[in-house]
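Take this structure first; my questions come after.
We just call them A, B and C in the order they show up, numbering each chain from 1.
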Amino acid sequence: MADRRFYRVGEPRPLAALAAIAGAELHGGADPDRLIRDVAPLGRAGADELTFLDGARYLDDARRTGAGACLVRAEHAAALPEATARLITPTPYGAFARAAAAFYPGAAGPGSGDGAPAATEVAPGAFVHPEAVLGPGCRVGPSAVVEAGARLGARCRLAPGAVVGAGVVLGDDCVVGPGASLGYCLAGDRVVVHAGARVGQDGFGFALGEGGGGAHLKVPQLGRVLIGDDVEIGANTTIDRGSGPDTVIGRGCKIDNLVMIAHNVELGDGCVIVAQSGVSGSARIGHHSVIAAQVGITGHLTIGPNVRLAARTAVIRDLPGDQTYGGAPALPVGEWRRQVAAISRLGKRKGGGEQ
Amino acid sequence: MADRRFYRVGEPRPLAALAAIAGAELHGGADPDRLIRDVAPLGRAGADELTFLDGARYLDDARRTGAGACLVRAEHAAALPEATARLITPTPYGAFARAAAAFYPGAAGPGSGDGAPAATEVAPGAFVHPEAVLGPGCRVGPSAVVEAGARLGARCRLAPGAVVGAGVVLGDDCVVGPGASLGYCLAGDRVVVHAGARVGQDGFGFALGEGGGGAHLKVPQLGRVLIGDDVEIGANTTIDRGSGPDTVIGRGCKIDNLVMIAHNVELGDGCVIVAQSGVSGSARIGHHSVIAAQVGITGHLTIGPNVRLAARTAVIRDLPGDQTYGGAPALPVGEWRRQVAAISRLGKRKGGGEQ
Amino acid sequence: MADRRFYRVGEPRPLAALAAIAGAELHGGADPDRLIRDVAPLGRAGADELTFLDGARYLDDARRTGAGACLVRAEHAAALPEATARLITPTPYGAFARAAAAFYPGAAGPGSGDGAPAATEVAPGAFVHPEAVLGPGCRVGPSAVVEAGARLGARCRLAPGAVVGAGVVLGDDCVVGPGASLGYCLAGDRVVVHAGARVGQDGFGFALGEGGGGAHLKVPQLGRVLIGDDVEIGANTTIDRGSGPDTVIGRGCKIDNLVMIAHNVELGDGCVIVAQSGVSGSARIGHHSVIAAQVGITGHLTIGPNVRLAARTAVIRDLPGDQTYGGAPALPVGEWRRQVAAISRLGKRKGGGEQ
């Protein structure tokens, strides 16, 4: 069970109710009234806990699990011990997300909590400018700052040391993590900005060697960052504001930690960008694209919609949508795999030389 | 026009005056008294706004622009609609920077504003140690901290949550962004440190496996970070202090977001380092080198001056100056391109294998 | 000598005493009573200062050094000028670390200082929740925050703007740098968290396209971050908490700046991870592995123990321990070098094409 110092579990629920919440079907023979008290990982779940099995990688763990119930695909159900009740679903991970959110509403993100306080709370040591506006039920942590002209919707939470800059607009149920900062930014509802993320600072706009004496001349950055509803921005990620056009993060995008989004980038709705990837200035990524870790995308390109990029891909040309790519420079996945295989053989040839 | 919640535009200016500010020549036929009220991107500029066209990539947008005036190279001037006045310059981007700074002096960086207040302002909730010294006209935001012995020049601005550590020296007109921190650092004038940048923490100095029981032994880091005038340091970038020698960032260097500069690195004047690149300990980069994104440079090397490194280059040996390199490991650009082309063919051969 | 604005040097020590501290042997002919006043780099050390020579790279500097004494391997001792006393050791860098720590106890890390104050000090502008517990001798800087239920051991130091979240436990002699934040975390003794590091935020757990309308569904993250004794975490590094299992950082691990550690990762004891590397979710790295800069490790893998990964390595399969690997995808070092050599020849062939 989750550490009680950090998490508070809700009431136990009968298996049938959990199956309904998760969107799964209770396998014949299981007792629909059996009480489940918590969720837990496959390897640690006990007799009154629910777990999940997603994919074949953890089949061995599944055979040994002590879980009382398991969300599982039909084709893997036979691997579970007899004592484990099966909840059949084609998407065990998503089903588990729903069940876990039922037990831990506060951990499932903004807007899903057990009711924020009706009154706005500003902690001692926080600073809210008199010309800022906080919606009902906002909570502002110690050392957090809200500058002049900022407007926060209902039930926003600012963690300790978070900074909401002058004129920034946040919708309802937004969360800004410890030490994160937002400037020149208009955000929708249920936006989550994790610890240390930086939104809205100057883009990297310099006219190289044109400042007199060969110095680099700063180009004023006059745009904003527009963030759609349900966006999540990872810890220490940086999103620069537009130079005149805006930087746009589409509705429902999920961005991991230490990602760089440069000025004027436009992300379509529902994009996923994994850790340490970078998108250069004025690139456009179409809807529902999934970009794995440590990818680099050159500026002024158009990609997607609905592309998938393997980890470490380097994109230097436009990429048509609805395909998977990998490699540096990026290739369609089949061609990339052949290339990797051919390079792999290079290291195995005799007389390959030494270095 | 720029969002009035965030930006305040200056007075309208006649075309002839703007041409003079930008360093461009008004093309025959344009009315020198025509009033321009703002700057705007090519695709959005209106009849009383100035835009720019830099390079052939956006010629189509140029043909459709509604801009009242456009900074443009002579060879592209014919592409613009008749109603758009041409301001001819060989460097439209730099010229635009100057014009935009005239309309938005506050957005052009430190020292270019419309006059900082004469009196120093320390916000409620800020902490300035009694043994710190602030020059005239400094502004210290809420939750910002200036520790003992720090000395700030005139008109420095510390954003909310910025931390200037004990003994740190900043020159005039420096800006420290939200939540950024500086320690063990001596900086010149007009230095800009963006949100969350970390300057001066311990370098990664360990004697591996020598601490007893195979533990890693920390080597005290006794140097500083020396930062020249007009340096800009990007959001969440990290610059470690020297181990005994200093880490040196030359005058006029521009460093983007999420860059890593290790201990004892020396950057010559006017270097540019784009996002997510890393420079390992004790490397020396010569003057006016330009390092694109996601580059890695091994420690104890000497590079440059005046090299250009393509994105994702991996440098593992010294590189002579005045050349362009790419690849991993780095090669002169011509050789690198041949290598990329040869590898590209590998993936296209028959029988390339499968994975 | 180190800048007196930032560092305070201890008392001079006779050469014999320093040799004992460093674990080195005084070479015949040197005066054991000679007083040494400081440590300094090879190129800058003076007649009353101690330096070190580690490896052949800096032999030329050694020949010209003005140092009074030098920690040096036996085989390099002859390179030093006659006036420089030799302190012979097989590990000059580690020996130097010990000597430098004797002169600068405060710079050698937590627990090695000259005695923290007996009384706990909470700076003005800091916030310590009444339900938090601080051990004796803790110091909490301005704008730092300790939330409800957090427990700090003896002599912990929180720099300005540091945030220790609700329920977090720190052992004795821990240091949290400026603006760093910790949540959902249990840490041992002598843990150092550098400026801006982010520990314990939500892992990147989404069930893609399962939230209704194709939206991504957040999976509640219910684990913690467990940090062993003597761990050091670099500036702006991010370590996500576990999703249900914990994220585990073994005792004595040293993690550099801008590193990404995803949820459920387990690092064995004594691992070293250099800057800008990333470890994806649920990967396990065995004891005493050394991961160079900009490496990427795919999720759900097992590596090590005691592997070494060259910079920029991409790991996509399990790797057996006690070996060195490089390349993308990773290969044993010999095979990787042959591959690099073969690729290098590709760019040199005639008819290599142009791009």
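Operating definition for what follows: contacts are C-beta pairs under 8 Å (C-beta built on N, C-alpha and C of every residue); 3 or more make two chains touch, one makes a residue touch a chain.
This is a predicted model, so every value here is computed, not measured.
*Asks:* What is the shape of the graph in which nodes denote protein chains and edges denote touching chain pairs (line, ring, star, complete, other)?
*Replies:* Chain contacts: complete, every pair touches.
*Asks:* Determine whether chain B and chain C, two copies of the same sequence, contact each other through the same residue numbers or different ones, counting it as same when over half of the numbers at the interface appear on both sides.
*Replies:* Chain B and chain C contact each other through largely non-matching residue numbers.
*Asks:* Can you compute the centre-to-centre distance for chain B and chain C, using the mean CA position of each chain? Integer Å is fine.
*Replies:* Centre-to-centre distance between chain B and chain C: 27 Å.
*Asks:* Would you give the residues of chain A that are in contact with at least 2 other chains, written as numbers and ranges?
*Replies:* Where chain A meets two or more other chains at a single residue, that happens at 125, 143, 161, 179, 196, 236, 258, 276, 340, 343.
*Asks:* Applying the document's contact rule, which stretches of chain A touch chain C when the two form their complex?
*Replies:* My answer: residues 2-3, 5-7, 39-41, 43-44, 57, 91, 93-94, 96-98, 100-101, 104, 107-109, 123-125, 141-143, 159-161, 177-179, 194-196, 230, 232, 234-236, 252, 254, 256-258, 270, 272, 274-276, 288, 290, 293-294, 311-312, 340, 343-344, 346-349, 352-355.
*Asks:* Would you pull the chain B residues touching chain C in the complex into a rising list?
*Replies:* Per the stated touch rule, the residues are 125-127, 143-145, 147, 149, 161, 163, 165-167, 169, 179-181, 183-184, 196, 198, 201-202, 204-211, 214-224, 236, 238, 240, 243-245, 258, 260, 262, 276, 278, 280, 296, 298, 300, 314, 327-329, 331, 335-343, 345.
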